[in-house]
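Report on one structure; see the data block that follows.
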């Protein structure tokens, strides 16, 4: 028996198997991908506008109660030309980003603590989950009392909204790490912090990213709730305030315009930032990319 | 008078849905609804009441057709009128006047000392907000609606204002009763400006009765009865102010679970004037001021008043007529 | 102890016309079946011009490397997919199909899984329970009616899946590597179980596997498939007397022969990286 | 070869394998289970109260800003003795249940439609997801305009909050159904509605229940937001209103009491109703029961 | 073609004292090891009074039914768990361990998985890449450095896992049913691959399997374990000349013998339901 011959034999057999066994990944053609990623939002918007036009055409309510798309567009145009829309979007986005960034840091730290120490999890786990069933507006008075009418108060509300999602996302990500990975890590020599750094955190990524994504939605919701109520010229115009001004002026066109802006910005960030990141990560791991 | 006596029965509405606030400035509906005067005068028309926290919500409800009439401040009334191109509502009477003050922490003694501070008002572009900005302007202080000026005007909810004032986070606030009194008595503030001193005869409107135009057209008789109920309540209050005060406080307790402290009630009551006169002249002036300080654009208020029913009632009671100041039917 | 007689058809002769006439009337007839998944022909056909006849009561094993189209073929026979061209004929009453994973519904108990099959076949509610107990007994699982799927071992699950397939009372049982995920001991036992059931019921069985010895152990006929495109390239008629076991000498001998063929087939596809080829030959 | 003997042979071998192979489910002893299920809430509450007492003891803020637990307890006691707490909890719970029930029906129908018809999913999928990043308060004006000051307006806000979660939960549940189950269903003869009834829906249960659970949290949040703003004696006292009254009266004890009640009721329902159902279902399927 | 010489120790004699002296110095020594998972003794011991010695460079296969404690034993040797009583001795430098699932980290490429093992061993950054390429070449996967785990077939994954295990440069390789999830063809090929690597590296290998033929094909020694509690009940020294293959007659013959023993061991645990017993005997 010649070792070299056998090796060659095995090698060619393996190469044949490798060629046949490799899973075939079906790459969608570009046209189909575009159709899937661009068409839905367009259809959705068209659908929305159509429903709206029908409602207006039915004259169920006077147009000062349910304004026409044209009214809303005009209202948007007017505030745009005054620079109020740009300022509002910029202010709200800036706050959302800063708030979200801080929430990500705090939420990650909290999630890690909860995942690693059973006692911490036991003590504050239910509390953290519970926070999600309190509306953000409930925090506004407390936040204002603590921080006055400052960005600080707004950030506190945003944090209280976003941190639980992020912490819980990381926690559930960690709890879903197959124990096998931890065993492999230990066999390879990863213990303690090394294990967290090289095994636990990367393995928990899918749950964590899901948490971050949901955390963004909550941060945005909470920010709007906070901006609706804390109101000071020193804080500058914001989207939430635009909505509030619309209500105070009984200006339904402005109310609708503000709701649309909030929706577009909130969903836009999710679709443009979080979705692609999550998709790429899931795809790199060969995981199922969800329906959305 | 525009209504035909023969149509009286036909124009009675089956129900009247009336909105008001659980607030001392709404003393007339508070007392009259609680003691049954409103229901009695309305007779066969069933009275349904709604309590609101703020004017915009009441206007939303009016727009939605969820209520027919509401007691609100002048600003929501103006907004409801102008945003609906003069269609949605009419002011048919007043309910109270006066009772707004600029209360500041004791260390502020004059306008100049307020430079660099934050002062709260109840609502951006609201009567008190406009009054504060106009007054600041007259004192040479700028208070822009966005960005920073000499003084930061921060519109916010009154309860929040009290908290922030107690903590020293704001220098003061231009607020209506009972908040002015609470700032003084509970927050240790002092009155820097009493709004009454800025108006001729100290009269400016605080609470209006607005009615949806559609309801007014369909059921003038019912609106007349509503005015009558308010008038009767006013007579009762005038006859026995002490009893009225207690009744108002009881009504507050029933609606919100809390009463005003006697001292607050006392002080607030004395600052307020209950009257059916909508004090139309002040409305236009206030609107002009709003344009001047930049909180709103020039608004056409022509036709906002329909005081024909009120004046008919006043004539019957041998009282002086109320003026629409050229902004509608008298 | 055992003797093996092996009859081969000449290599490359896979057209239906060249087949020896089946012993019993045919249960499955595939004629010149081609299947492609890309509509535009950008990828090669998975199955090309494939013909196959399985007689009633026959036990046929399909053998081939990964991706050669075995599962696709079973899908076509089961009616889960349509051929691009060619015809597939199966008797009325449908076919039963078993997979590598038992694919029991985890929200039902073992018994309820079988009852659902009966219900979907239209069996009367009153008869279902009795029939289910009979089927469970057939696979030696009496008393496991109320067991949750996750409480069963892999072997028990496949036996429940077999009972569920039998509940369909189809004349054809298609099996797609049904025992591949089981441990060796359990797999051996299930081979005996399956043969017993096949003998009792007289079903036509098409059994797909990668395991040459398993194919020889079970099949009356073994069909070897090529890859890219999938075609039948060689056929063995297995004639081993006496009870076969996976360790039988007859099984071993025939297995070795088929394995060599299969390995040759796999090597055809080798794309050796230059480095490895050079390295191992130096 | 005797068939009976062979059969017996296989049977005994199988019985031996079955005895050895059956997965061992480790049942936790009762004491440990209780410790796991009862201790955490107790610790959480103790932790909360401790933090609170420390904050009060530090005299960071006067007690009319941060009241002591005793103040809050007294406030709660007072409103309890007046029957206001009971009425508020009852009213809010009733609305939450009705709203949630309607949301479950609508969300399920929507989720099913979206899962079965690609076109529907394409058209309204992004919209449904987008709704989650709009704060509930934004809907209040629209709700009042459509439904006036009725329970209807509140229900509309609750629906808009809860329906997307439920629909998305069902959708992701359906998309996670292993295609193998659908194939098995088809082979067994389940097509069209039968397949949905007997295969798709039960298989999608885990995702669906998760969606229902999250839907509840959203329903509760949205209800509180709606109750905070629409206020009418005709609608009766509610938890949201209690909070609002507290704010209006600058009564921090009442504000805190209301926040606590909202938290306790919202979390309580989740822990007492949804968690056990979800756990039981997951356990029956031998699935991992998450960390919470 | 092949000849098998089988030497047995008398049944029931499993104490260390009765062992023939190992040829090379011992790499693993387990002495009177007992392991229980319930602290209160409410459940029987998983391993009871087990002793085992594996010499350096020796290839030992552990065979036993499900749940007999094979994985538990490997965990103890790997230091992932502590014995309740008894001692476990392994050389410094740790042990490498492979599982049924390749357990590659899916967030890393094939090459990065190996590099991580090197990094955790403390290999210098500059040397890692080169070492990784050498290891990939060893398992015939040159050029797959950048492949994602999910892009690899099961066989390729196990080869990467093998390379990762080799990267640890431990003197002991523990394998817990490493090929159980692979298809038969791939498994056969990996047997040859593993033997080649073992011959090249001189590692001591403890290989756990359910598959009797696999144990005989690979091991120098086969140890049969009993269940409940886990103990060593019988041992075979496998001496088959020439290149073994899974179909070799020698392998088949010894397999049949061991299988019969294993089946007897399994039957001991049968708890036949009354109905089935009655039914099949009637």
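Order of writing sets the chain letters: A, B, C, D and E. Residues in each chain are counted from 1.
What we mean here is this: contacts are C-beta pairs under 8 Å (C-beta built on N, C-alpha and C of every residue); 3 or more make two chains touch, one makes a residue touch a chain.
Just so it is clear, the structure is predicted and the values come from calculations on it, not from any experiment.
The chains in contact with chain A as well as with chain E are C, D. Chains A-D form the pair with the most C-beta pairs in contact.
The greatest centre-to-centre gap from chain C, using C-alpha centroids, is found for B. In terms of their C-alpha centroids, the spacing between chain B and chain E amounts to 87 Å. Centroids built from CA atoms put chain D at 46 Å from chain C. Chain D and chain E have Cα centroids lying 47 Å from one another. Remark: chain C and chain E have CA centroids separated by 30 Å (rounded to whole angstrom).
Residue positions 60, 63-64, 157, 159-160, 163, 167 of chain B are each in touch with at least two other chains. The set of chain C residues touching two or more other chains comprises 65-66, 140, 153, 185-186, 263, 266, 273, 276. With touch defined as above, residues shared between interfaces to two or more other chains in chain A number as follows: 7, 11, 13, 15, 17, 21, 61, 65, 141, 145, 247, 252. Going by the touch rule set out above, the chain pairs that meet are A-B, A-C, A-D, A-E, B-D, C-D, C-E, D-E. Chain E meets chain A in the complex at residues 78, 80, 94-97, 99, 101, 103, 105-108, 116-117, 120-121, 140, 148-156, 159, 164, 168, 185-186, 189, 192-193, 196, 199, 242-243.
Put simply, chain E touches chain D in their complex at residues 65-68, 227-228, 263, 266-273, 276-277, 280-281. Within the complex formed with chain E, the chain C residues making contact are 65-66, 137, 140, 142-143, 153, 177, 180-181, 183-186, 188, 209-214, 245, 247, 249, 252, 255-256, 259, 262-263, 266, 273, 275-276, 279.
Residues of chain D that touch chain C in their complex: 1, 3, 6-7, 9-11, 13-15, 17-18, 21-23, 25, 178, 180-181, 183-184, 186-190, 194, 198-199, 202-203, 205, 281, 284-287.
Partner chain B is touched in their complex by these residues of chain D: 61-62, 64-65, 79, 82, 84, 141, 144-150, 229-234, 244-245, 247-251.
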